[in-house]
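Each chain carries a letter (A, B, C and D) given by its place in the written order, and its residues are counted from 1.
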Amino acid sequence: MRTGVWLMGARGSVATTSIVGALALRAGLTGPTGCVTELPELRGPALPAFTDLVLGGHDVVATPLTKRAEALAEAGVLPGRLADALAAELAAVEEALRPAPTGGTQADRVAAVVRDLTDFRERHRLDRLVVLNVCATEPIAAPHPAHADLDALRAALSGPDEVLPPSSLYAYAAFTAGCPYVDFTPSTGARLPALAALADERGLPYAGNDGKTGETLVKSVLAPMFAMRHLAVRSWSGVNLLGGGDGATLADPAANAAKVASKQRVLGETLGYVPQGDTRIDQVEELGDFKTAWDLVTFAGFLGTRMRMEFTWHGCDSALAAPLVLDLARLTAAAHAVGRRGPLAQLAFFFKDGLDAPTHSLAEQWTLLRDFVAELHREAADEQPR
Amino acid sequence: MRTGVWLMGARGSVATTSIVGALALRAGLTGPTGCVTELPELRGPALPAFTDLVLGGHDVVATPLTKRAEALAEAGVLPGRLADALAAELAAVEEALRPAPTGGTQADRVAAVVRDLTDFRERHRLDRLVVLNVCATEPIAAPHPAHADLDALRAALSGPDEVLPPSSLYAYAAFTAGCPYVDFTPSTGARLPALAALADERGLPYAGNDGKTGETLVKSVLAPMFAMRHLAVRSWSGVNLLGGGDGATLADPAANAAKVASKQRVLGETLGYVPQGDTRIDQVEELGDFKTAWDLVTFAGFLGTRMRMEFTWHGCDSALAAPLVLDLARLTAAAHAVGRRGPLAQLAFFFKDGLDAPTHSLAEQWTLLRDFVAELHREAADEQPR
Amino acid sequence: MRTGVWLMGARGSVATTSIVGALALRAGLTGPTGCVTELPELRGPALPAFTDLVLGGHDVVATPLTKRAEALAEAGVLPGRLADALAAELAAVEEALRPAPTGGTQADRVAAVVRDLTDFRERHRLDRLVVLNVCATEPIAAPHPAHADLDALRAALSGPDEVLPPSSLYAYAAFTAGCPYVDFTPSTGARLPALAALADERGLPYAGNDGKTGETLVKSVLAPMFAMRHLAVRSWSGVNLLGGGDGATLADPAANAAKVASKQRVLGETLGYVPQGDTRIDQVEELGDFKTAWDLVTFAGFLGTRMRMEFTWHGCDSALAAPLVLDLARLTAAAHAVGRRGPLAQLAFFFKDGLDAPTHSLAEQWTLLRDFVAELHREAADEQPR
Amino acid sequence: MRTGVWLMGARGSVATTSIVGALALRAGLTGPTGCVTELPELRGPALPAFTDLVLGGHDVVATPLTKRAEALAEAGVLPGRLADALAAELAAVEEALRPAPTGGTQADRVAAVVRDLTDFRERHRLDRLVVLNVCATEPIAAPHPAHADLDALRAALSGPDEVLPPSSLYAYAAFTAGCPYVDFTPSTGARLPALAALADERGLPYAGNDGKTGETLVKSVLAPMFAMRHLAVRSWSGVNLLGGGDGATLADPAANAAKVASKQRVLGETLGYVPQGDTRIDQVEELGDFKTAWDLVTFAGFLGTRMRMEFTWHGCDSALAAPLVLDLARLTAAAHAVGRRGPLAQLAFFFKDGLDAPTHSLAEQWTLLRDFVAELHREAADEQPR
């Protein structure tokens, strides 16, 4: 099953790490640490092999991949020798990258993206092509009446307005080209009624939003712990210090607000009440691609006794995100292959703010994921010609 | 269903907090924070109500309960006004406490304990009586051939040797008196083949060991998080600073060793490998009944990138333990009522080192517990006279 | 030397703790922990004894002191028994409190304050009276041309405008009444040229601003440590979570800005460069009178190696501030007694943002303070009649 | 002033980093971050320039320096490119390293060391040669009567016994060869009356013990902070997790005990009382050349209010130690040049357990150091021929 992986934001940190990682796995130069789909509980024939993945993407900047890889090696995200060893393979991916279309109406840009996707699928004789958004986080998008209705949206796109934010425009183009779409960012992406209708019309699955790689990951196990023990969380305050491209974007208050909202959801929904406290995101350029998050939780126990816990998480965001991007590409391709459509709530495990997520407990999300993958393996086996 | 709760170590911190808490719940003076059996998912008719609980116990010291309660109030474990408001009820429990027997052969001491248990059950016309061990942690017990065989044990107890450590002697006495036994400590308790045989002979359930209230609780959600994300934990080091009675006991290296072993088990069994690092327990008298644990976890992600997390837990051990003691009393009584026997592996949720525990993941233990309690409710309903 | 201590904001947390503490010290019910002036290096005859202090003050609210004291006891700031034991003494101070004047022109309010101060000094036959500002933090004050010139200010005060923020109005009134003035808050206070001129005219000493009790205190020893070791601090980020009255005030962004600015100054001035990173102040009501601050420092060493340190400070702000308020009252009174005038730069030890502070290193500030106090003792001894 | 720097333990982490660093500084390939003697307050003509330093040493192992440098680069302690750029210079130092003598009597080994030192000094026409001990920490040495008396010692060294631990044997050899001696380790070194007598006889200065680079450094500013604020430290507990060669050595309980004792001294001597709590040192190989220390301090303030602070220090020990080794070499050479003799108490700034250290406060030690260096500059200038 030759599977294309098309990255929107293909020259960013997460994308570059995903690309180098996929090439390294394909070449047997690294192991599957961090790849959830390589755990014994999930591994299996329904998922495209790493050797079946073909990479491409769009970006608004033109920095060569090898230059981005060098910078990531310098920053301790990648071993430098890997990028060297994979120079030829990286050059091949470089070939496959396209500039994100600009100018014209939004309809023009959709057409250009669809053309790039279709070309790529044909040139590489792909069985299917998954589009994943790893662009910089957008500001919260302005509402527009056409968001609610597919016909209205089609009409509006040909007009002069910027109706859709880029993430949604990419979702629109992906669906139009017959590709499943995954949004790893907190941006709007496919989360508009008109886009749900389009995915439905085309019978396509999609997933999102906002990869869960740090503080929220920890919250998604600690908040259930407090809940299961019937302890009363009184406050939960957090600060996220991050450098890197994403840090710079989040210095913009509107983008920051989008991110914070998806971070706090897990608490209220897991605990059944919203404790005091806020999550802050601050940029500290010096931290590079690493992030330090600190959280303070105060809670009351039996007879009202006050207690507290704090944690510090010091993670490399791109190293945490990249294997999940590959997991999502494989899982979404497998779901598409057996005819799944609509939002993939079973992938909530990967997201801060999973589409239709029935739970924010990581353990429960894991059970959902495991059962879902078992089904995919079963269905894939059934579809095999005997 | 009048249910007796007999505490071995009845004048200790955990016991005193459990007693004050049970009385406060019975009197409606406090809420059920920290009581797992009061969560909507577990609540139900199979469990004895707080108003059905009757408390008693043994201890080797004679410090009055009210004095212990005052000290705990002074230390911030209990609200002082509670102990005042419950003076009469505390006096009644004081009446029911018995000195732990000393002198004579171990068989003599068993007989004395059995007599106290039987008297208590009769005087209060109890439907059943659960024995819970919350004594100070014992040193690791010396092995003895009679531990492996019930007949040999019966014979040996009448001899001059100290064949059983106190926790096991109490388990022996409880089973002999027809009482289920729960061990909240890391001591040997019922974990000897001869005692398993006795419980089986008498058709009694039992549970243990070592209540999970702090660092290990957190480990039991964080270790699965790393496992589910396929991250490679390289080292996990911890230090536990504790004051209080338990801290003093653990200053004894042998008792400490017993405790540390039960703490580290969760890692190896959850991750499938044992990371570097140790857990330390140090006494710092000044911390009183509070404990501060600090853990450092270093881990590798995709492409080998090194990351780290640390957490500090600042908990009041007795306030965390007491509601679990009451939960265990209720659950074990309910299990006994519907005829369960043998080790209650489904109560692993409560223990660092659960008997026959099939998993160390708190979330999986929760699922086991929830399903188990649902069965108890069903079976209890079936047994009701119509 | 009967010395009056007049607190602006006399019913707030800091003021109430200062009052209860002063009464407890006077009555021998507590020790001098936290009182810098009771250290062997500073103690001596120039300082008024605790038994010589007479307390009074203004506030805009009328909540009885005993009620504030009870709330502080409930919150764990004060031992409840102290307030009980000091009921009579507290009632006497309650008598001495006056409502902060409102209405009329600012000149009218100055006159009212001056009247209250003068009455108090006379009624209690005080040798001198020190005014200390512990009111809630004000927003940064709007500039006004009259701030620069004493005559212009005198004229403007009689006009309809609010020329001075309350803290400066109190400084004006204090100086007018012949009283030294200390500002424990980050508000403007005496920091206006016109007020400096007035203090000079009256030959009065003054001090401020913003008591140094938590994160900044720690910074004032850690930043010099990095400097003395020639380590390159790359980023210093902090978050302060605080409840209490002060937390609520600082939820107001303008007040917050005033506080943050005085917190960051220590870094730039000690290191000689400003590292990346910010300090955040967030209100978390649940923390009550306690504050938790977390700071992350990243630094580079020899050959560029990157390292990091973090600290968490969990302090009770009022308990830390109150003894310093008493120290400042004693020191400023002693300085006044021997004829010091103008800003007391030697008191920088106590402030985040000390007036004319020649250094932000706590150790250097300590040396200044110690030498200053030694001089006061010497001068006081010289002035004694033989 | 051509100055030799002779490192005992010359192939260890600290030594290798010191050598690479000195060469890099000499070649202008790195800046002086971490070098205290390059601060504006200390810099000056009395100190030998980096270009005047000539490096040599002894070790018991023969691993090539370039191999150790590569390992340190791999571990993130050194930039790999530095070792490459300095290949020729490193080879020259490699030439100058000698195997630590073994076999024979201790007098034979002393003679061998003295020969190596004298050869080195002559071959490189050095004005002086400083010996610095950076060997692995020794177990606490067994007492021996000859330690107290130089003549007895001379006699005993020719006998069959191991009278002196290696660090003291090296001090003996250094003094015999007319070289000042600095001990950067917690081993015995020059701290024996017989060695003091020998240094005195030869008119030589010496310094030690145990470089202060992490937790103790932080303690030496935080403990004075608590003292200056008259806060009552109730407990101070610490854990040091370290990998590297030093970590392995400290897994030996006797070596560990030596290190812990020198770490705790600062508290008792600064505070005037010893708070509860211990310092632990644990080896976690995975941490490599980095160390993580965590400390918890609990303290009481005014009216007894309980508060706490914790810090985590994540440092690269060799990167912190190496510039101090160079500082000590320069300072001790300068002291020797102007005729200082005996223990250099003014270098306490650099040590956990400074010889004759009059204070454990880093700030006070800084003042001593600054004044001392100013004197050296003055005396050096006076000695210049005009």
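Here is the rule we use: a contact is a pair of C-beta atoms (placed from the backbone, for glycine too) under 8 Å apart; a residue touches a chain by one contact, two chains touch by 3 or more.
Here the structure is a predicted model, which is why all the values come from computation and not from measurement.
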Chain-contact steps, minimal, separating chain C from chain B: 2
Centroid spacing, where centroids are CA-atom means, of chain A and chain C in whole angstrom: 50
Intercentroid distance (Cα basis), chain D paired with chain C, Å: 43
Of all residues in chain C, the ones touching two or more other chains: 76, 310, 312
Chain-level touch network, classified as line, ring, star, complete or other: ring
Chains touching one another, given as label pairs in label order: A-B, A-C, B-D, C-D
Residues of chain A that touch chain C when the two form their complex: 234-235, 237, 239, 241, 275-278, 280, 282, 284-287, 292, 294, 296, 298, 310, 312
Chain C to chain D touching residues, read off their complex: 17, 20-21, 24, 30, 32-36, 38-39, 76-79, 82, 217-218, 220-222, 224-225, 228-232, 300-305, 307-316, 319-320, 322-323, 349, 361-364, 366
